[in-house]
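Naming follows writing order (A, B, C, D and E), and every chain is counted from residue 1.
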Amino acid sequence: MIEGVSLIEILSLTTILFFIGVYGFLTRTNLIAMLMSLELMINAEAINFVAINKYLSPAIMQGQVFSLFIIALAAAETALALAIILHLFRLTDSIDVKDVEELKY
Amino acid sequence: MNIDTLMLMRDEIFLTAIILLMLIGEILLPIAKKKWLIHIGLLLFLIYTIQSFFPQKTGELFGGSYQTYPLVHFFKAILAVGVLAILLQSVEWIEEELLPYDFTAEFFILLFSSLLGLNFMMSAGDFLMFYLGLELSTMPIIALAAFEFFNRKSIEAGVKFIMLASVSSAILLFGVSLIYATTGSIYFDVIKTNMALPLMEIIGLVMIFAGIGFKISLVPFHFWTADVYEGAPTVISNYLSVISKGAAVFVLMTLLFVTFSTFGAHWDYILYGIAILTMFIGNLFAIRQKNMKRFLAFSSIAQAGFILLALLSHDKMGVQAIVFFLLIYIFSNVAAFGVVHIISLKAHTENMDDYNGLYSTNPRLSWVLMLALFSLAGIPPIAGFFAKFFLYAAAASKGYYILVFIAVINVTISLYYYLLPVRAAFLRRSENPIPKIHTDIYSKISFVAIVIGLLVLGLYSGVFEYISQISNIF
Amino acid sequence: MDILSLFVVVPVLTVIALVFTKKLEQARLVALIGMLIELAMSVNLINKYMNARKAGDKAIMLFQRDIPWFEQFNAHYHIGVDGVSVLMILLTTLIVIAGIFVSWKINYLPKEFFIFLIVLASGVYGFFISLDLFTMFVFYEIAVIPMYLLIGIWGSGPREYAAMKLTLMLMGASALLLVALLGIYFYSATNGMEPTFDLLELANRKMDFAAQKIFYPLAFIGFGAIGALFPFHTWSPDGHASAPTAVSMLHAGVLMKLGGYGIFRFVMYLMPEAALFWQDFFLILAVTGVTYGALAAIQQTDLKYINAYSSVSHLGLVLFALLMINKTAWNGAMLQSLSHGFITALFFALIGMIYGRTHVRDITKMTGMMRIVPMLGVAYVIAALANLGLPGFSGFVAEMNIFVGGFLNTDLYKQALTVLAVSSIVVTAVYMLRLVGRMLFGPTTKIYTNLPHAFWYEKVAIGILVVFITLIGTLPFWWLQFIQDSVNNFIKPLVH
Amino acid sequence: MDTFDYIYLIPLIPLLMFLFLGFTARKIKEPVSGYLGTAGLLAVFILSYYTAYKYFFADGLVDGKYQQIRVMLKEGWIHFTDKLAIDIGIIIDPISVMMLVVVSTVSFMVHIYSLGYMHKDPGFSRFYAYLSLFTFSMLGLVLASNLFMIYIFWELVGVSSYLLIGYYFEKPSAVAASKKAFIVTRFADMFFLIGILMIGYFGQSFDFMTLNSESTISMLNSWIANHQVASFLGLSVITWALILIFIGGMGKSAMFPLHIWLPDAMEGPTPVSALIHAATMVVAGVYLVARLFPMYYHIEGGAALRVVAVVGAFSALFAAIIALTQEDIKRVLAFSTMSQIGYMMMALGVSGFDGYEGLGYMAGMFHLFTHAMFKALLFLVAGAVIHAVHSNFMKDMGGLHKYMPIASWTFLIAALAISGIPPFSGFFSKDEILMAAWEYNKIIWFVGFIVAGMTAFYMFRLYFRIFHHKDTQYEHPPHDAPANMSFSLIFLAVMTMAVGFISFSEYISASLKPFHSHIHWGSPLVIGSIVIALVGIGAAYLMYYKETEYPQKVAAAFGTTYKWAKNKFYVDELYMYVTHKIIFDKVSKPIAWFDRYVIDGFMNLLGVTTLGIANRIKFLQSGRLQDYAMYFVSGVVAIIIIVIYYK
Amino acid sequence: MERVIFYILAFLIIGLALMSITTKKLYRATMYLLFVLVSISGIYFLMEYNFMGAVQLSVYAGGIMVLFIYAVLLTDQIGKPLRDTSWKRKLLAGIISMGAAALSIYAIVTFQGINKTFEPTVTRVEDIGEKLLSYEPGGFVLPFEVISILLLAAMIGAIVIAKAKKLVNQEKN
């Protein structure tokens, strides 16, 4: 619990952060940049869980552990995603999102 | 907690053990003998499948994080059968495409981990387990989707899949966090009692729904489906279309019916609308597909729309209809994808026009394809009809006759495109049809078993009776 | 095994035996044997039925058998027959046998042909014996779907288009039917009773009138489409035109009867109030179909199209008669179903035979066939005369029942509609005689002079059908005794 | 009355003969089938005469009234309702027995005649099969005990007529004629059927005896009187039903305006024309009216009967005018037939009921009887002539008297008979008709009177032009017909001369009670009719005995009228216009088009639209990752908003 | 005081996040992201969840960011300016994101039960460890095990794909 800061403020912050991530994901043209936007979203959630845990049920620690797992998962996800992106780069020499539009209609 | 109670999760334990055994096998076996891994993997999985049919008690472990009851256990068995069938069909593919690069064990490990993830997801008693199961089921399969390394499409499928899957899971997670904020817990039973439906909770629920909808490929969360199915190896598309989707449907069903049951009534028109959208979009897109995998992808989207019909019922009728439908759907789609897979593997084509005259050279495959598609279309006496009928009945039991009406119109549309491959295979005659394909014994077993299943499951009501008995999950 | 289930089991066994055949000779023999067994069973069934009735068995349905199928849904495999179904079974058997003879020399994928044909037949048999809406629907769809393959694989002309159209329209209609079935099912759960699909049980429960009003048209159109109800008939010209001979026969001869039969057996019986409510609306459609089909037939030059529109007209009479809601008309409807079954099967058999020889179906392109293939010519004339309702043949007795029945309505408006329907007999004469005059009579076309005469198997097929057309036409009372049994029971909810 | 139990054999024998000959048509060769058929007819002939004898002289008359005897063969052949049913039964009463005699006589003669006429025809056996079928149907028709049965045989007669007209089925004109005959009569039959339905609905029976019974008629009349039944144009529905039934009879009996098929029907072999289109089938309409005569007479004061009279008179005049101008001998005879049937109709129409008042009825039947004989004879002679000359047209004939004396003499007898010259049979029947008409209405009498003169004129025009007129040179000198053909001619000639002396009223009357009638030789009516006939004959003699200029002059004098008459007043053309230009082109064609392009088009449109939508929305699946994500997120937002909105 | 720090951090997070998603240089974006992540760890510390903060710093800022940087380097994207996307997409994405954010914030602000206060507690590392290994109610040993398999699977997946790269290279040569 942060003195003088309500949960609403924290949640608002994370919401903004989350949707900044969404916005980034929707507008970046580069796969790695999109992945970074994704990180913003995941981070927002991590804060959420921690903050809610802290404010609402500090004794139970569910949120905090959840956040830990989120971070671990984010790491795994990022690793896998980057591996694939890099592989794509090998094949096509590009990581621009417009180069993964072959499958359509 | 002791061994007895731990055995409540024997499916997962068993599967973990197989994963580890495969890992050990991968490390210990010399390169020349890696072929053994296929058989070992199959054998182990066969044992797993068989054991999964032994009944399981109701119970929970780890303070409610893990829950099991007969229905979920039975469903795991269904998934196991589905995966086994897929594996049997993919032996030749593994031998040809993976073995030379020594990715056999990896394939098995990834596939099994994904199944393990699904199992955990279905058995989850809290959102953490649910989320982990979801991720565990998705991530290996993403890797597998990108497994045809030289195929640009496969990689593209992988990229699209992981990016969209990550977004969807991020959104789902945000929803979970909102629910956590309002109910103060991540445990389903606590959430159920604490639900008061403020706006925040609704937003959270919608986001969770979107996350699961992504896996079921409900409109408008379905866009990845076709692209990924087309790009991914057929085996993986098959897995995604039946196993992954089936488990997700099951989870959505338990969440809606049990955990969020207080929310039920407010939810119906959303399901109503999404069901209509999903059926129409799936059908309308499927109509014009020439690529068989893409075709089946859209067909599977449409099928998801039908499932939603039964979700509207909120009672046992819906549960049994959905589980039975999924069982039949798994059989049908595995067969359809299996044929596509074998033809793609042997004749290197996925184009529907190349199927012209298939019957003249490959009558048996054509028959399997026809039966599978008829089952998907819901034509008696093939099991698919009964499955669909129960879905309609579930919706109609709550008075949604108009929805059923729309659904049957969609069935008519879907019949059109399901008949297209049949037309190509049976009606059309071709100068140079796909040459005679010799399938290995595994595929044959798989197809024979599926065909028998398709013919028997509908006419013989025992399976449905059993499902009905264990369907009381409320 | 009860004698009714065997009607489904024997075809299934035949199909299984067919799977193991290799050549045409084996396939047709197996199919024929299977169907001859079926014929023996049909005759036996008629015999048993008559004995049972003679012995004073007054049950609505005889030889009932009720096995729970999906108990959760209270869906049963409930079978039983009454007079109409017995006759329909006989009709089916005879037409399938005739169809097998007509297809005696089919050379492209013979095994598969007979398999699909007999699967279709098994569906039809099942439909006629089922007393449970669920079972009925299952068999109904089994009967419809092989059509796609039969037309698509062995058809001619735009076969893919025709097969697809036929399948989609019929399945679309059956979709409506499905909704209606579910409606009937769930609305039967009054007073806390378990909902049921059982026909006899449903008849005891009174369905809510408001619900009836909604579901009746769905069910009527669902069945009506396969019975060529205007304006849902357009699958039939194209479908018939493209279908191979035996399939046209079976389709027009039997499958299209499912519509009228279903309306008679299920739709009107279960929703009597709505039947009266919607009577006028559907009557107008039916009468339109009758005259419209006949008038449209005049313009056709393709033999099969002529016959298809003729079927629209004649089956329109079946629906018309059913909608008149009195015993006489209903007797006529059922008799017309039988009669049209035989006549139209004969037509299609002959068209197939002629087409097989000339490879032309356009009546402007061949003349004087009577001289070239006298046997077929004579049979065609007989079919034409029977079709235009000549006494002595089946069409007459059926139509007379219908017209008299229509006229027995005290309602002047219905009598006027009957007059309109009667006018179709003239138009029928016009197009039938025009056809006969153009194709059979006149100077012979040179290029066709050396065509072979009818083969023995063709004669057998023709013979079977002609004999039964005449039998109905000359001994209507024998056939009507079966029909009346059934009609008397099933009209009860509708007339007070 | 079990003594009439054998009666079913009369129609049955020809039926069996038809089936036998039909099935073996291609196995049995020429003379055998002919002999078989003739033998069968001989049996029928004998049975019929035996029946006639038995009925009229032994069993029929009970208490001064002829009995109507019904022999039931199958009760409830079809049960419509408890009351309404089609029973298969035979009615024996004066007119049916008389018709039996007519049919069996003419048919037997035609059978014998055809042995020679159809000699060496490839379809010989088929011809005899058809003849047997026709005979069966006609016998069935006359014996039918109820309306529906009569309708059944009505249709069967129609179809045998169709088959026989189209006997030379490789000749397009014959095919067209047969089709026309069938369709026109079928059109009339439709009205007949509707009439039957209406009568059945109101009278609650189809049986003649029930319908004609006083109780039924009085019941119906009381309904009409009490306005319990609907009426239309001032006439009650029941009268309309009778008129509809009469329309059916008009079709078969070639009454104006449904006569157009009859001239064309001459495309059939001439024996057929003699049998069907002169003597038997065409009088079925007359027979039908006679059958229901009590109803016609009593219902609503005989309103329907007036229609019969007017139509009959008009048809008689109309056909006679046309007959004056025709060149084809068979067509002349055809129009003559039509005219004479008009006469019979007229006779029925003007008739009363009881006793002498029923003279018209008796005369009509009498005329039917005599006409059958002499008209059959005329046709058979015409057939012999055509056979000899190989042409139907008068211009190819002339001076045949010396080549074919038998034909000439028999023709002359028949012509005198039809002209109404005593003592030939036609005189008696015709005279009684005119007498009845005189008492009914003078205009109708006048029409009949004029027609009598015309008849005499055109018959002798025919006679002179065929047998005298000019000396035509023939490639093959014609000679008289062979013995079997000549036998028929002579037999019928004898009959023609003899039957006039039967006192018909002793046997046949509307009320079934015999009465006495005789010719008042001195009355102006009788003299007038003989005079007009002689005038007609004389005119014909002047104009045609030798080649003269008169015919052209007369034709020129009549100008347009002549042209119209020669072209049969363009009725055919009118029909063609109505059927082809209006029904086919303006109704049927649009319907066929509508079906293909609107209804079917709509179904196809559904399919095309679905495919079109599918193609239109394919952009959604753009393949762009971020589009997908966008849809995803907007989907979530949209759902949230909807939930909030609806909550 | 904490409030001030929180707001500073919040502004940093939002500002840097915005810069991270708008900058034209990919490498810079990674740097901004790194700062965001660090700032977030500041929030954790502020909430006295020191372990979380540490994990955030080490795993995220230390681990994941390194992956990103490597990826950027490997794909040769340092100097290249990023392609700009169309204004339509930006507008649409902006509307949707802002709308959704507004909606969510509105939901959060209006939520009634959120202002409950609890007595502050400090979570020690030991507690977390205990919880992670506890199979009692409230324990997280199962997720802990599951995530191990997940990490294994992800690792294998990543390795396989990485290995495939080599194979592709071989194939290319």
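Everything below uses one rule, namely that a contact is a pair of C-beta atoms (placed from the backbone, for glycine too) under 8 Å apart; a residue touches a chain by one contact, two chains touch by 3 or more.
Everything quoted here is computed from the prediction, not taken from an experiment.
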Shared chain contacts [chain A and chain D, defined touch]: B, E
Contact-graph distance - origin chain A, target chain C: 2
Most central chain, Cα average position: C
Reference chain B; chain at largest CA-centroid distance: D
Farthest chain relative to chain A (centres taken as mean CA coordinates): D
Leader among chain pairs (count of C-beta contacts): A-E
Whole-Å separation of chain centres (CA-atom averages), chain C against chain E: 69
Inter-centroid spacing, chain E versus chain D (mean Cα positions, whole Å): 102
Chain A-chain E separation of Cα centroids, rounded to whole Å: 5
Chain centre separation in whole Å, for chain D relative to chain C (CA means): 37
Where chain E touches two or more other chains at once, by residue number: 85, 89, 92-93, 96-97, 100, 103-104, 108, 114, 138, 140, 143, 147, 150, 154, 157-158, 161, 164-165, 168
Chain B: positions in contact with at least two other chains: 128, 132, 135, 139, 142-143, 146, 149, 158-160, 163, 167, 171, 178, 181, 199, 202-203, 226-227, 416
Multi-chain contact residues (two or more partners), chain D: 607, 618, 621, 623, 625-626, 629-630, 633-634, 636, 640
Pairs of chains satisfying the touch condition: A-B, A-D, A-E, B-C, B-D, B-E, C-D, D-E
Residue ranges of chain A in contact with chain B within the complex: 7, 11, 18, 21-22, 25, 31, 34-35, 38, 41-42, 44-45, 48-49, 52, 56-57, 60, 62-63, 65-66, 69-70, 73, 76-77, 80-81, 84-85, 87-88, 91-92, 100, 102-104
Residues of chain E touching chain B in the complex: 103-104, 106-108, 110-114, 135-143, 146-147, 149-150, 152-154, 156-161, 163-165, 167-168, 171
Parts of chain B lying in touch with chain A, wherever the complex brings them together: 126-128, 131-132, 135, 139, 142-143, 146, 149, 152-153, 155-160, 162-163, 166-167, 170-171, 173-174, 176-178, 180-181, 184-186, 226-227, 230-231
Interfacial residue positions of chain D with respect to chain B in the complex: 607, 610-611, 613-615, 617-618, 620-621, 623, 625, 627-629, 631-636, 639-640, 642-644, 646-647
Touching residues (chain side chain D, partner chain C) in the complex: 26, 74, 76-81, 84, 86, 148, 151-153, 155-156, 159, 162, 166, 169-170, 172, 174-176, 178-179, 182-183, 186-187, 189-190, 193-194, 197-198, 200-201, 230, 584, 587-589, 591-592, 595, 599-600, 602-604, 607
